[in-house]
Amino acid sequence: MSNGIVSRLKRKKIEEVVKTGKRMDGRDLLQYRDLQIKTRFLEKPEGSAEVKLGKSHVVVGVKSGIGTPFEDSPDEGVMMVNAEYTPIAHPTWEPGPPPDEAVELARVVDRGLRAAKVLSMEDLGLVSGEKVQMVYVDLYIINFDGNLIDACSAGALAALNTAELPEFKVTKGAVSSTDKTKKLKLRAHPIAVTLVKIGSEFIVDATADEEEVMDGRITITLDENNNVNAIQKSGPVGFTVDEIKKCINIASEKAVEIRAKVMASV
Amino acid sequence: MSNGIVSRLKRKKIEEVVKTGKRMDGRDLLQYRDLQIKTRFLEKPEGSAEVKLGKSHVVVGVKSGIGTPFEDSPDEGVMMVNAEYTPIAHPTWEPGPPPDEAVELARVVDRGLRAAKVLSMEDLGLVSGEKVQMVYVDLYIINFDGNLIDACSAGALAALNTAELPEFKVTKGAVSSTDKTKKLKLRAHPIAVTLVKIGSEFIVDATADEEEVMDGRITITLDENNNVNAIQKSGPVGFTVDEIKKCINIASEKAVEIRAKVMASV
Amino acid sequence: MSNGIVSRLKRKKIEEVVKTGKRMDGRDLLQYRDLQIKTRFLEKPEGSAEVKLGKSHVVVGVKSGIGTPFEDSPDEGVMMVNAEYTPIAHPTWEPGPPPDEAVELARVVDRGLRAAKVLSMEDLGLVSGEKVQMVYVDLYIINFDGNLIDACSAGALAALNTAELPEFKVTKGAVSSTDKTKKLKLRAHPIAVTLVKIGSEFIVDATADEEEVMDGRITITLDENNNVNAIQKSGPVGFTVDEIKKCINIASEKAVEIRAKVMASV
Amino acid sequence: MSKQRKRKPAKTWERIDGRKHDELRPIHIESGVLPNADGSAYIEMGRNKIIAGVYGPREMHPKRLSKPNMGVLRCRYHMAPFSVDPRRSPAPSRRDTEISMVMRDCLEPALFLERYPRSVIDVFVEIIQADGGTRCASINAAAVALADAGIPMKDLVSACAAGKYEGRLILDLGDYEDKKGESDMPVAYMPKFEQVTLLQMEGIMTREETEECVRLAVDGCKKIYEIQKEALKKKYAAVREEAGQVAAEAEFEPEPEPEPEEAEEPTTEDEPTEDEEQ
Amino acid sequence: MSKQRKRKPAKTWERIDGRKHDELRPIHIESGVLPNADGSAYIEMGRNKIIAGVYGPREMHPKRLSKPNMGVLRCRYHMAPFSVDPRRSPAPSRRDTEISMVMRDCLEPALFLERYPRSVIDVFVEIIQADGGTRCASINAAAVALADAGIPMKDLVSACAAGKYEGRLILDLGDYEDKKGESDMPVAYMPKFEQVTLLQMEGIMTREETEECVRLAVDGCKKIYEIQKEALKKKYAAVREEAGQVAAEAEFEPEPEPEPEEAEEPTTEDEPTEDEEQ
Amino acid sequence: MSKQRKRKPAKTWERIDGRKHDELRPIHIESGVLPNADGSAYIEMGRNKIIAGVYGPREMHPKRLSKPNMGVLRCRYHMAPFSVDPRRSPAPSRRDTEISMVMRDCLEPALFLERYPRSVIDVFVEIIQADGGTRCASINAAAVALADAGIPMKDLVSACAAGKYEGRLILDLGDYEDKKGESDMPVAYMPKFEQVTLLQMEGIMTREETEECVRLAVDGCKKIYEIQKEALKKKYAAVREEAGQVAAEAEFEPEPEPEPEEAEEPTTEDEPTEDEEQ
């Protein structure tokens, strides 16, 4: 991500400011940018949310469909999380198949939801081994300014919270649609909080510039009982066990704050 | 498609000739090259046509198969038009997935046939929502010297006109083949006529050289009742409403001429 | 594969040695390197073999599954042979879709097995036209030092010889698994022997260096009755009819030798 | 439903959403919606929700696609998986490829590409929600985004479909009219030059209907043109101050070649009066 | 069917299409059929209909695939979707990849690639209609197309399959014989050098049958060689006038290495006489 | 099964394969197994069978991916089609992509990439047989392969998962425990620096359990570290002789930045004693 001198100067500047306990944009180290969540703003998907986190802007659509279950869980629905880095979102993002970062983003959001058992997959079965309801969660990045995991994770939870899935009836193995819909019931409300390490300091909600110069990153996803559901460390740096502990503590506090905003939006 | 000076000289030369009401090859502005259509010359496809329009040379094969209907039309067959730019056809054409131009060619031919309701799609249904007859129309470009849309459109109509599809019988949802075939009935006979604008003049049946230097192109597809079925404008230029009207008039005359040749070939 | 001067010097050196009836590694022209075959060393596949032929190292896994039969053989199982050139095997091999050479390798091994009718495909049918047993033979190249066809062909035969496929029972068109397995019965034991021509000499079991400078290659696959099952000539050189005859004779002798090692391993 | 439809035309025919035959759906355009893009616009046209982002002029990668004597305009029309029902794959379809091509052809006449040799201008359009007429809505947003990027333009490009539904020519088809109607004709137009830069059509219409349909669509484009300019007003003001009144005006002068006088006549008589009365 | 088949060999065995065991299907070859290609040929061999086009020698793209000291021959065997029943996808299959490779290996010995450093000669073959033996028919067309392109050749390459069907060795298998027979062996041959440049085989044959089968196929190749030369006659005449008799002749002189004398014997006794009598 | 499971914890809880909660599966590591690679290692960890090969530092292709001021570490985690049941496609999955990324991030801190501007070090891992914990086993093999390639390292990287199963924290989950357990946490560790370089987790655990789980995994890593060093012993000896004792030692000195002293405390008290007693 670095291109030599420019990047090193930027790094130096950001690191120096962070050492003073502040950020380039005036925030405290552990302060999020303004978080706006709007739900139910799309008509085609079963659930939707628009999240603006500073200048990061994502749209999450939840759509259902009918598909085939996995071999080892013939009676369970299938959730698929997919992230799309649209080329409008950043000058360096190009049309084409998702880059590795988009794959990681989708998988980290997916893992948080799955680990927390947000959906009752067994309620989404239709014909054993043949047909189940699919729940697609599409993370659509409209403008990129860092911290996509937290923005998308909040957006996915908000969109799922507002989703109303079509109800089907099964008669002798044949699936037919009723005209009714049913609110998707969520069993947990996991929130991802990502900390970024720059020098020896940790910050939350990093901007694109901060991510560009960061040493490493750790995402901790927690549910409303303060249980940890998922962790993802990335970046070419190590953390001590103490640092990990510290990050879990910070994440645990921040998750409460973000969850409140998500739940207020639905 | 242009490569600088050579192209500008070519453009100048062609434009000057066209201004005099003639073409580089001696034709009038609104005169087609020699059009030869041969049908039933292949044994594997259900219908076939070979079209030579000047040095442009295309083969069209119509094949049937069994496939799955679209969700929103469970009882209708499916027609697929596909264009293949073979690397034998032009020095700059390379093996690989179809270029954008081939996609447009297939879609314009497809749109003409579809809009004119050439096939009775509902006659091609087999088992509702499960199995229907597919009709594949493959446009195979053997040698390229311009005006592929008109050549392929005529070829597709000719090949469909000669097609004999296998008949199937459906017993309790199971499809089995009878040994009979049935002539594919066409409900309309749309013909595409493409006009090319060079400077302020319009010509028909442009060669590859003329297309290379053209300002824009408009294809108008008309059926035997002189109704318009499809229009496709392309090229980085605009047309006035009057010019469009003029093009429709010319196309309407030319379509009759080409249709006569197509029908004589089947 | 050649890169100029280095390659020409290598070629000269190898050719000179071969003329004296010997090889760079001291072997005779018609002598194989040490051949080690280990079977049943993997638990996930139904059959497995590890083959080391000098420094060439391949792993063959045989797995079964349930799939759809081909249209023209609705009651026969399907065998698929696939070769993977892993990037650990050679400095010039890169991750990605199989190169043309891997496609040829898989097809030549496949052809030998198929032509000799090694598997009773009709025993692998389940529900006519709907479900059959699949037999996947995956050739996994771990280290490359020439003569992959012979190594993989021997490995495939060994792995198939040890394979135990799950047994299924079919009740009213529904396939369910029993807990039993059944040894895959082989009807023939074809062995591929590849000769390489360097100058006017033929050698067997060429190393990567020898293959790099070779003029051409011919693979002859023979079964235990000394019948020929498959031939594959490659390389930009021709063979006289006499040379072909000579190659068949050599292959016929060598096949016996290799088959004995394969059968001893199972 | 079919009963209703039969009865309706009898006396008081009206469109499924109550519009008049030549009435546009509600349109809302906003420019400068994307912080990262050089220019951007958001459009709601009926229930379409579309964002256009413009990057460039900038260096082209891969270089072999660039042109030594002029810039290249690249367009990409793309639908979000959740923009339609049922969900679609995010991989581009053949339809997307074609629309991307015609969008490029329809926007290019408005630009001075000869000013940007070896460069590229990228116009990316993301359909967040699709109603009928996504390509026209996309063009409207793209034109505003190009202007928002400060890229000099000969004129804006305005787009609107017309078509035939239950035997009548109508403007700006909604999704249902698009799918169930007899024909659909998306049109883009540069009002200053009276040039149609996008024209597609599919369906069955007489030649007269076809010509009338073009005129109806062009009229729609002209209305949209005003809405686009409105959305750009603030931006224009800023640009004028920066670059000076003269330069800004000069850029919107018609080029010598197109002759607006000739095209004037049909455009003035293009009210489909007989339809309007029903 | 199976009854019939059993009875047939009893007395008057004959092939499904009435041919003798060593009889070729009707062949028609035409050169110069593609206006754009540097060389081309169309072949009908049985019901195969195949077009070969040659472009080059020309600059190679991408450059990293070119060789500093010699030209590269690239071959592509491709089937039209409608060339077989049922329709096939236009995407290349693994079979196509392999056939493209063996075609290249079988044509390359006929060329002087060392004369074209950093260049490529492209041979593209399009199967319009497939009967048995498409790869041999493709090679026959490709060789004529190469000559038609004016590319100097050491010799033409002629190809023909032989195989075993109902216990008998037969020449030039048709589709049915190919699919139902006991073995199939496509062979390509350069008659001047008595070199087999393509040899594949699949089936079950004794070693003796295998050797005999090679000879039978080689004999077929020799007959096809004459038909290819016939198709090229006019072209050759033109080439001779252009380049001078001496140069043209020189190019068809055998290279020092291959020794035709050695190979002569088997080729002269290669009539499978015992089969012919039945 | 469920009955059994309920009863087991009552008195003498033990793991499905009889191991203690903090007991590793049998591990076998061998270095230098691939003749062609610059470095390689084979690991058996439980029923995992994995080969890692290292190529480089070498020139990077394509060049645009290289960095002017440092080397690039590329990792590829890949599963053989027959490594799992049912067979999987050889095409890389999204899971493979992610694991390749986290492997790179976890190995990179051990290398001196700044020494190899414009170059690449490729680490390729092939899963021949998959049991639970393939990514940790892969990292263990990759670290040994890097050392085997003679690439200077700050420290080895050792990896091991811990997790929760039937309410208990356990070390080094097997396939069944991985799939049926409450949580899984793969960890990689550089003992000299007391740095966790891989940390992922999935499941449901309290914050306290999570922290304890990290410590349990780190302890496992330390044990594996010894096994890795053992596998490299011969190699180390050779390297020392070649490069001189001093140089080799210097390379394993901790870098200034990480401060092992601070991290010491938690690592010394990381025995999950209460679990051990059950």
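The first chain written gets the first letter, and so on, giving A, B, C, D, E and F; residue counts start at 1 in each chain.
Rule of thumb we're sticking to: a contact is a pair of C-beta atoms (placed from the backbone, for glycine too) under 8 Å apart; a residue touches a chain by one contact, two chains touch by 3 or more.
Predicted, not measured: the structure shown is a model, and the values here were computed from it.
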- Message: Over the chains that touch one another, what is the least number of steps taking chain E to chain F?
- Response: 2
- When A-F and B-E are ranked by contacting C-beta pairs, first place goes to A-F
- Query: In terms of contact pairs by residue number, which of A-D, A-F or B-E shares over half with C-E?
  - Reply: A-F
- Item | Centroid distance [mean C-alpha coordinates] between chain C and chain A, Å | 47
- If you average the CA atoms of chain C and of chain D, how many Å lie between those two points? 59
- Item | chain D-chain E separation of Cα centroids, rounded to whole Å | 55
- Query: Can you list the residues of chain E that touch 2 or more other chains?
  - Reply: 86
- Message: Is the chain-to-chain touch network here best called a line, a ring, a star, complete, or other?
- Response: ring
- Query: From chain C, moving on to its ring neighbour chain E, which chains come in turn until the ring closes?
  - Reply: C, E, B, D, A, F
- Query: If you look only at chain E, which of its residues touch chain C in the complex?
  - Reply: 67-69, 86, 94-95, 97-98, 100-102, 104-105, 108-109, 183, 185, 190, 193-207, 209-211, 214-215, 218, 258-259, 262-263, 265-267, 270
- Which chain B residues qualify as touching chain D in the complex? 2, 4, 71, 100, 103-104, 106-107, 111, 114-117, 216, 218, 223, 226-242, 244-245, 248-249, 252
- Query: If you look only at chain C, which of its residues touch chain F in the complex?
  - Reply: 42-45, 48, 55, 57, 59, 61-63, 65, 82, 84, 86-91, 95, 136, 138, 140, 142-145
- Note on the structure: In their shared complex, chain C is touched by residues of chain F numbered 34-37, 40, 47, 49, 51-53, 55, 58, 76, 78, 80-87, 90, 92, 122, 124, 126, 128-130
